[in-house]
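Chain nomenclature is as follows: A, B, C and D, assigned in order of appearance, with residue numbering initiated at 1 for each chain independently.
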Amino acid sequence: MTNRETRHRELAEHYLPDALLARMRERAAGYDRENRFFWEDLDDLRGRGYLTLFVPEEFGGPGLTLNQVSRLQQRLASAAPATALAVNMHLMCTGVVAAMFARGDRSLGYVFEEAMAGEIFAFGISEPANDWVLYGSHTVAEPQADGGYLLSGVKIFTSLSPVWTRLIVHGLDESDPDDPRVMFGFVERSHEDAAADGGPGITVSDRWDVLGMRASHSRATVLDRASVRPERVARRVPAGRTPDLLTFAIMGNFQLLIGSVYAGIARRALEVGANALRGRRSAQRGTSYAEVPESRIRLADAHLEFTAVPAQLDATTRDFDELEDLGAAWPLRFVSARLNAVTAARRCAESALLCSGGAGFSNDHEVSRLLRDATAGLFHPPSMDAARPMYAAALLDIDEEATADSA
Amino acid sequence: MTNRETRHRELAEHYLPDALLARMRERAAGYDRENRFFWEDLDDLRGRGYLTLFVPEEFGGPGLTLNQVSRLQQRLASAAPATALAVNMHLMCTGVVAAMFARGDRSLGYVFEEAMAGEIFAFGISEPANDWVLYGSHTVAEPQADGGYLLSGVKIFTSLSPVWTRLIVHGLDESDPDDPRVMFGFVERSHEDAAADGGPGITVSDRWDVLGMRASHSRATVLDRASVRPERVARRVPAGRTPDLLTFAIMGNFQLLIGSVYAGIARRALEVGANALRGRRSAQRGTSYAEVPESRIRLADAHLEFTAVPAQLDATTRDFDELEDLGAAWPLRFVSARLNAVTAARRCAESALLCSGGAGFSNDHEVSRLLRDATAGLFHPPSMDAARPMYAAALLDIDEEATADSA
Amino acid sequence: MTNRETRHRELAEHYLPDALLARMRERAAGYDRENRFFWEDLDDLRGRGYLTLFVPEEFGGPGLTLNQVSRLQQRLASAAPATALAVNMHLMCTGVVAAMFARGDRSLGYVFEEAMAGEIFAFGISEPANDWVLYGSHTVAEPQADGGYLLSGVKIFTSLSPVWTRLIVHGLDESDPDDPRVMFGFVERSHEDAAADGGPGITVSDRWDVLGMRASHSRATVLDRASVRPERVARRVPAGRTPDLLTFAIMGNFQLLIGSVYAGIARRALEVGANALRGRRSAQRGTSYAEVPESRIRLADAHLEFTAVPAQLDATTRDFDELEDLGAAWPLRFVSARLNAVTAARRCAESALLCSGGAGFSNDHEVSRLLRDATAGLFHPPSMDAARPMYAAALLDIDEEATADSA
Amino acid sequence: MTNRETRHRELAEHYLPDALLARMRERAAGYDRENRFFWEDLDDLRGRGYLTLFVPEEFGGPGLTLNQVSRLQQRLASAAPATALAVNMHLMCTGVVAAMFARGDRSLGYVFEEAMAGEIFAFGISEPANDWVLYGSHTVAEPQADGGYLLSGVKIFTSLSPVWTRLIVHGLDESDPDDPRVMFGFVERSHEDAAADGGPGITVSDRWDVLGMRASHSRATVLDRASVRPERVARRVPAGRTPDLLTFAIMGNFQLLIGSVYAGIARRALEVGANALRGRRSAQRGTSYAEVPESRIRLADAHLEFTAVPAQLDATTRDFDELEDLGAAWPLRFVSARLNAVTAARRCAESALLCSGGAGFSNDHEVSRLLRDATAGLFHPPSMDAARPMYAAALLDIDEEATADSA
């Protein structure tokens, strides 16, 4: 007997106690309305050690598994989706290194050290019109004599833009035209630079007025010969679909932790919908809407669909933590878990909206925010349409390897 | 040969020429961003006689049919959804009277006269928690000695709130406890009162920050002994599901014209999606996204679903105009046409969003606005869930009459 | 006022009175179980003049419109889907000629004469692996000195195979390699040959054991230099997507009449589902299932979806009858009407199955047959997938003409 | 590192080697066509010890977990769905006892002994119109002086009817009107009685002509004072929703193993669909259909949906095996896993049918059988509609316990 559930409950109480969640849920409304970054949430999470969840005990952290962090992120997202989505990026960077350690590659241990030292990691992979995602880049990476790089290009949807001090980036090094390489590494800046929306060779866009996940401040970042020091160059992978442990670890952490955020939104939407039904009264039926069959069934159908989502995340994170070898099936598993979570979040939010009546149409109603936050789920790579070729190829192109355009 | 299509094209060019539509589409972005009423659009429409479309020739109007107005509203909504939705309310009031005339009831001719004289009509039927909609009311209607009424209650989603001078309302007259009546009539106010958000016994809420259809300014209206003059009392119908020509005409005009607005949104969303695909380039495929099969099929599926929507509106408005006797099937036909239009609008807008990539997530992108405007479609009565009993009863409750809780 | 509905009711009583429908519904079970052709149904229909519905008055027929025949076919299919589907093929041939007459092409008047004289027409267009459908053919058409043709090839899903005496066919004439032509014409055989599954150059397959629509006996037909007399050559159209009145008329009649059959199945499935609910009792609830909310809503949702289907058929057949010029939108309209009808038939049949409980799983239960018959709807050209490119092209390929791979 | 996948592969090769699966797949077509019981499959499975999978090592069996048996059943169903569905019933009985042992209740050890001795167990729970399923019964259970029972009533869908020698049944003991009890126990008969469709107080219906899962011969069983010996009375549970380890174990095994069968059908349907595409050629495109985007995407979408199904089964069986305490969430988890598997099976089979073209419409094509077999999934309790109240209650009825009407 593993008592996994007991352990999940203990971790929830330790890192995300009910009172904290309640505070965060209240703040989420204000962040959304004022289009403000989640400063107070970040302080609280940092204060509780939430940013070190993945750091192994040997580096001074609690060494949680992806399965455990997935659960915590579901819980966090049920209160503050944008906070959870943004913090995800930092967690992911550390989770990637943890996954590499577990598979014998200890080369990026400095990420753990820096995370313990208070650095904040973010993700600079998405670029305009780059549907190669991890396997290519429009960012120019100029190799330097010392082994470092200067990067120039545009990164989009850079969550945590007002606070990150370490940005994992990739760029294309075409210095040897016969052997183009995608390099991965970390751009660094100080907390002061972050606060000033800048840094050496770094400009953060001030445009940010989006439909949902507003508190994440995932603004565009322009790199203009931004430096990656030699000791922060993580990989130089041949361009194209080249298998590599780093990209595998990114894909797994990215898809499953993003999926966890939307699973949390879905769960919260069901609660909000149920509360709304209990609080509304039907003049025709003379009962609360919680007794009206059409409303009950609306919510039941969303709940039934939702039930699969945490189970799929659970199965997939456990296999990942347990180092199962699923070969070419891994990307199919990762991406499906995330896409299904997003679909459930959108469906549950819509059901909750229908349960809320016209009141839910106001931008300041929680259900409206959940619906808007859930819509952001359509934009994480790979989109449903970008994922389709991968699922077709796995069945139809026997000689080709099933690969994923997924971060 | 009827050449209906030719006539539709002529009407489109006369009332909504391309240049006007283009101006309105541009303004729509500003109205949405600034949460502003569509003042300039209203001036343009008024100037072209758009507010008198339903007025018969004998009263000096063009006497268009519901089929023709439905087409115009689809066209208008493709440029300015909120404008179309709000103007709908005025058109509906005149359309209701036209439908009554066509069926031999000429009692409300003053509506035509007033519409010709520049009065603006709006709809004061929806109330908080009143799922009886037309068949009951939480508004207290006190009969006066002269045959008039004083009304007290709250009306919600009153489109055109800054400009209406005539509000069709209903209220419950329980002065004879053995014979409760739902009265319908018109509350009147001057253009000056409208401009001041007030009027005798009338207060218009200043709260309005909603997800979509923002320019409609469908704010709540509080009636506090607001007067309906004796000659503006239209009906005194026994409370409950009592068949009546007025409520039948409201139901038909409401469902079919609202449906027309969402059909227009759907059509525009398909165009916006197609334009977006043509304008984006896939790094992986080396082509525009208009050549990427997954994107093409995404849009094709939305287009295929959409195709049914104008056809259903066409069939139903023609039957309505031609005075077909569909008996208890009428409400099923009306409501289905509107719900399907809303579903198509939401689906097409979502498809267009997926075609637009991350750019579409910005609140100032047209596709984002279309998605938000389409979402408003979930809130017109009857909602999908409120409609379900009607479709069940028509099959299962043979002795009961299939009726609709629909405005 | 047109009183279209009154006229529809009169036609229904004249051609398909209730008593006849009841007999046919009973027979349908037997035909399905015994995999037998609908001989008795055909006799009854022929006796009532049902095979001459489209024949104009000047040729001695009643001259019904496509709109009227669509309604009759919906009614017939509600009792005997396979009978309706097969008779459709004969009706279509005459409907095609009627549509050509209405558009000024009187060249195929002999079809009316022969229909009046008792000949039975069928459709020999579908071929294995020919997704050009009307625009190409794997059948070799050898031109003869007298202007006639000899055809060799395989036609599949030839409904009415035991009785047809006139088969509309197409084949590819490559005698001039620079100008390949698709010829259309009629292969003729006697009633005696039909009864013997043969005829000159004609062999009818004896393999026929399919999931649904079994009574239609749509067996494969092998042509081996089967003759088309010169005066029965209808067209010689350049191969590829060449606009032509004959193929346009085939497309319209085919899609809309096939759609009508599935609309009839859908309607009947709703009735069967409702009857099943009324006849079953829930031990838990102590009521009939007609009172159980989950069942009611199941049926309501199917009913709501269904409601659009006859409306779309109505709008499209009326536009077709009234000679509206919809240009490149016609194929989109035709195909959407048929696909939606099939989808509704399948959904309604599934809902009815769920309403019927385990009893419905027996092959001899009407609901099981309806479900199986509805499944046949997936195979009429163009399939959903074959139709997708047409709906994509209409939005994305502005310079190309939107065309349909549809028969 | 657990190497679960390696162990799954070893078990697959041991119990269900490829050559055996191929033989079974071939036989499945014949069983279906001839409506014949799967005699040869049963012999093969028995010969390999497949009927003792759940028997613990201390009783001489291999002691597999539910997680492992679920995988094997998925594999078996991919070749022979009806065989898998029927054998499921036997496996389930032994799995129930294994689950009880794991939770400390060793009272039904005789089931293991008898399974080792060659007895075949089946499930006699479903009854006409009994939507209480496990929590009530229309079967009369007369208590006998010796502590045994005589049972009279009708059991439906009794899989394995030609071979079972032990039938787990329930009946209502109302001998004390103030304390009605649902008794569970085993009716016994000899192999000879089974072969003769009878036994003491037992009549097996000879009616069996159903849409799918035909080889399971799940015929109705009439009990007329059939005996349950005192030592084979397993439980006497108060009527109604009374928590009990036996019913919990039945629910878990039933839902998850039934779900496994449909997961296997889904997986096979994807393969069949892919093979069909590779084998068909498009005249228009000049390629195999495996290169046609619309077909690829059709299959991709089904594959994507399918991917969640084995993951959900995996997560849920592991939690069950690991004795996690999920409390009131258990029934929600069990039923969702099964319903999603059925939905995926139906969707994948439909997609495969569309990939197969008209050939798939013949009853002897594998894809037709898969579609028909998948349809049987609609009839296992609880149906989607019967499950809805449970998912609604869990959100809306806080004080009530979420319970399942599930076997």
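We adopt the following convention: contacts are C-beta pairs under 8 Å (C-beta built on N, C-alpha and C of every residue); 3 or more make two chains touch, one makes a residue touch a chain.
Remember, it's a predicted structure, so these values are computed and weren't measured experimentally.
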| item | value |
| --- | --- |
| Of all other chains, the one whose Cα centre sits farthest from chain B | D |
| Which of A-B and A-D has more C-beta pairs touching across its chains | A-D |
| Chain B-chain D separation of Cα centroids, rounded to whole Å | 51 |
| Intercentroid distance (Cα basis), chain D paired with chain A, Å | 38 |
| Touching two or more other chains - residues of chain C | 294, 296-297, 384, 388-389 |
| Touching residues on chain A, where the partner in the complex is chain B | 126, 128-132, 136, 138, 156-157, 207, 209-212, 280-285, 292, 294-295, 298, 350, 353-354, 357-358, 361-364, 368, 371-372, 375-376, 378-379, 383-386, 388-389, 405 |
| Complex contact set, residues of chain B against chain C | 1-5, 270-271, 273-274, 277-278, 290, 296-297, 299-301, 303-304, 307-308, 311-312, 314-316, 318-319, 322-326, 332-333, 336-337, 339-340, 384, 387-392, 394-397 |
| Contacting residues of chain B [partner chain D, same complex] | 293-294, 296-297 |
